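Naming follows writing order (A, B and C), and every chain is counted from residue 1.
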Amino acid sequence: MAMQSSGAAPALPQAQRVMAAIADHRVLVSLVALALLPWLLPSKALAVNVLIYGVVVMGYNLLFGYTGLLSFGHAAFFGTGAYLTGIAIGRFGLPWFAAVPLAIAASTVLAAAIGTISTRTRGIYFSMVTLALAQLVYYVALQASSWTGGENGLRGFTVDHVNLLGLQINFLDPVNKYYVLMAFAALAIWAQSRILNSPFGAVIEAIRENEQRARACGYDVERCKLIVFMLSGAISAIGGCMSALHLSIVPLDILHYQTSGMIVMMVLLGGARSFFGPFIGAAVFLILEDVVSIWTPHWQIVVGAIFVGFVLFLPKGIWGTLLDLLPAARERR
Amino acid sequence: MDLSLIIMQLFSGIALGAVLVITALGLTIVFGMLGVVNFAHGALFMIGAYAGLYLASLTGSFWWGLLLAPLLVGAFGMLIERVLVRRLYGRSVDDPLLLTFGLSYILVEGVRIVFGSDGIPFPTPSQLIGVVDLGFGFFPKYRLFVIALVAVVLLALWLMLEKTRVGLIVRAGARDPQIMRVLGVDIGRVWLAIFGLGVGLAALGGVLAGPMRSVNPEMGTLVLAEAFVVTVIGGLGSIVGAVVAGLMVGVCISMVALFAPEMATIVMFALMAAVLLVRPQGLFGLKGRA
Amino acid sequence: MSTELLRADGIGRRFGGFTALEGITVSFAAGELTSIIGPNGAGKSTFFNILSGTLSPSTGTLRFKGQALNGLPQHRFVHRGISRSYQITNIFPDLSVHENVRVAAQAMSVSYDIWRRRADLVELSERADAALTAVGLIGKRGQQAKFLAHGQQRALEIAIALVSEPELLLLDEPTAGMGPEETKDMVALLERLAERRTVLLVEHKMKMVLGLSQRVLVLHHGRLLADGRPDDIRSNPDVRRVYLGQSEGYG
C-alpha cells in the first residue's frame, strides 16, 4: 500500500525536483509568467483579462478549492469591487489609490454579511443559498440605477493616468495598463500565498478534509468559514477593482450568477486547490473563448460542453491532473 | 387601501405562487429522492415553455402543448439522468451540481440557435381568455386555471406517493436505497422515473408560465433563483415545504408589488435570508440536512 | 484522595419520544481509567457524545473541574481540556500523518493567524511528532493518512485527540475493527496513556475492558446499571443477566 514518500517514480526525478522548486517559489514563478504573458498572447486585451479573472478566480479558489465550499455567488464580490471603484472615482472624485482600498473594504463587509447567512448551511444548501444571495445583490444593483446605472451599467469614470512614486504613467497605453494592473495582481497573489502558508491556511484545509473532526479538535469551524469567506471576497474584489480600472465601465452582468458560474468553470478548468490553477484556468477559458468566437457566435455551447466534459473526465482540472502524474509534487500544491 | 384590491393581489400572488410551487416541487423531489440538485432546472423550465409553444402551434391546440410538453421534456430529463448524472453517483456531492450547471449553458444556447434570442409571445388559449367575476373583483380566467391545475397535480402527486405501490417504493427508496436493491427493486429505474418527474414538473411550470410572460431563452435564469429560494425556505426535500413556501413567496411578491414594485424580487431573497438566520434547514426541513 | 475531574448530575437525553438516557449521575476522578460498557442500545454512544460535547443533554448538568459545561459548543470542550476520538475513523484523509496531528495541535493557539508561516511554528511540529511517537506512528509521518492500514489509522485517531494535551481523554471504541494482535498493541498504548492522564473508554470487547480498566460503568436501557471495579462487575448478577447470551467478541 505504501505509495510515495521514499522512492520516487522511476521516471523523471528531475521533473519532480523542478516541480518542488516551482512550488517553493510560487509567487515568483507566477509573477515572472504574468510579466511575460502580454508577449505570449495574441492581444494585450486578452492578457489583461487573464490577469483580472485570474485574480478573481484565485480568491474564489481559497473558498472552493482549499476550504471545500462550493459557492455559486462569487460574482457578488467581483462586481461589488468593480462598482464601488467606479462609484468612488466617478461620483465622489476619489483618486484611484483611495477608491480601490475603499472598494475592497466594502466588498469584505458584504462578504461578511453574505458569509454569516450562508455559512449557517452546508453542502448543496450552501451552493443554492450563495447563488440566491448573490442574485439579491444583482437585483439591488439593477434597481439602484441612480447609483449603478441600472441595466446600462456604470459609466463616467476613467482613469487615464496613474501617479506612482512621482512617475506619471499613461494608463491608457495597453502595455502600461497591463503592468500597473499586474501590480494589483502581484499584491493579490502574494496575499494568497501568505494565507495559504499560514496556520489559518492549514485550518481551512482541515475543514475541507473533515469538518466534523476539525470541530472536535477545537476549531470554531463556523467562524473560520466566515473568515475565509471574507478573505476570499476581498481578493476577488481586487479583481473587480482591476476590471473597473481597465474597462472604465461596469456592466450589470458582472453581478449575475452566470458570471459566478464562469468563475467556477475557470477554477475547475485549471484545477481547484492548486496555486497556479486559477490563472491557468482563466487563461485557457479566455483563450478558448477568443478562438471559438472566431468560428461561431455560439461559444456558450462549447463552454457548457467543456465544463460537462471536465466534470465527467477531468475533475482535477488541467494543473491538478498534471500534479497527480508526479507523486512527490502532490503534497505541495 | 381598497380591500378588494388587496384580495385581488392576493389571488394574483397565489397564481404566481402556484407556478413557483410546481417548479420548486420538481427540484425538491429530485433532491429528496436522489440527493441531487439540478442546476439545469431553470433551463428545463424554459425548454418546457418553448416545447409547449411549439407543440401548441403544431397541433393548433394549447391543450396538446400542455399535455405533451411535460411528457416529452420529462423523457429528455430521463435521458440526461441515464447518460450523464448517473455517472456521478458515489462521487463528490458537488459534481452533479456542476454538471447540470454546465448542461444549462448547452440547453440555453441550443434554444437560442433553434428559436432565436428574441422573446416570443405565448398566446393564451381561447377558452381561457377573459376574466371571471369573483364577487370582489374580476380575475383573469387563465390564472384561475393555473391555480386549479396545480392543485390537481398536487393532489395527484400526493395520491401517487401515499396510496400507490410505486409511491411506496419511491418513498422507501429515498430512505434507504440499499434495502430497495436487496428487495429486488430496480433502483436505477426509480431514479430515472423521479428525475424525469422532476424535469417534467419544471417543464409544466414553463408551459403554464408561458402565457403569463413572454417566452425567451433567458426566462429560466430568474426561475432557477426563485426555485432555490422557495426550496431553501421550505426545506430541501420537503414537498409540504415547497408548497407552503411557494405560496408564501408568491403572495409576498405580489403584495410587495402593490406598494413598491421594484422591491418585489429583492423581498423574496430577503425572506430567504431571514428564514436562514432563524431556521437554517428551512421551515419543514430536517435538522442536520442543512 | 484524588480530585474529582468530571461530574455528571442527572444527565438525560431524549430524541423525540425516545428516551436514550435517564438520570445518569456519576463522577470521574483524575488519573482513573474508566470503561463504559453495555449491550447495544444501552445509551453508551449518547452518553459519550454528551460527555465530549458533541451532543447536549436534555436534562442534567455536566461539570468539569468545578465549572459547568452545559450549553458550551463542542470546540470549547477541547479548550477546557476534554478531547475525544471516534469509533469510525475520522481523520483528515488527504493530509499527511504529521499534518493531521500538527493541525490538531494548532487549534489550541493560532487558529486565525493568516500572516506567519506555519513552517516557523516549530513547537507545534515538535508536539505533533511527540504525539506520533507516543502512538508509534512516527515512522509514517510523511505518508498521506488515507493510505495507512486500519490499525494505524486508529492510532492516528488517538494521536489527534492526544496532541491537545487533554486532561480527560475520551476514546470511542479505540479497538473497533481490530483483530487480536492489533488490539493487544492498542491496549498497551492505552495503558501507557493512562499513566499520565484520565481516560474514559467506550468499548465492546469485554475481556479487554475488564483486564485494562480500574473502573467499569455498565449502562443498560439508558440507565446506570452497575459501577465498580472489574472484579465486582464480573461477579455482579445484574450484569451477568444482562449479558447472558451476548457474544463477548474477541480481545
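Some points to look at:
To be clear about the criterion, a residue touches a chain if its C-beta (ideal position, glycine included) is under 8 Å from a C-beta of that chain, and two chains touch if they have at least 3 such contacts.
Listed by chain with UniProt protein names: A, B = Branched-chain amino acid ABC transporter permease; C = ABC transporter ATP-binding protein.
This one's a predicted model, so the numbers in the text were calculated from it and none came from an experiment.
Comparing the centres of all chains, each the average of its CA atoms, the largest separation from chain A belongs to C.
Of all chains displayed, A has the C-alpha centre closest to the centre of the whole protein C-alpha set.
Chain B and chain C have CA centres that are 48 Å apart.
The geometric centre of chain A is 33 Å away from that of chain B, both derived from CA atoms. Distance between chain centres (mean CA atoms), chain A to chain C: 42 Å. Taken in their complex, chain B has these residues touching chain A: 31, 37, 84, 87-88, 91-95, 97-99, 101-110, 112-113, 221, 224-225, 228-229, 231-232, 236, 262-263, 265-266, 269-270, 272-273, 276-277, 280, 289-290.
For chain A in complex with chain B, the residues that touch the partner chain are 70, 72, 117-118, 120-125, 127-129, 131-133, 135-136, 139-140, 143, 256-258, 261, 264-265, 268, 298, 300-301, 303-308, 311-312, 315.
For chain A in complex with chain C, the residues that touch the partner chain are 1-5, 194-195, 197-203, 205-206, 209-210, 212-221, 224, 227, 231, 331.
Residues of chain C that touch chain A in their complex: 52, 54, 73-76, 78-79, 83-84, 86, 90-96, 99, 102-104, 106-108, 110-119, 121, 142-144, 147, 149, 160-161, 164.
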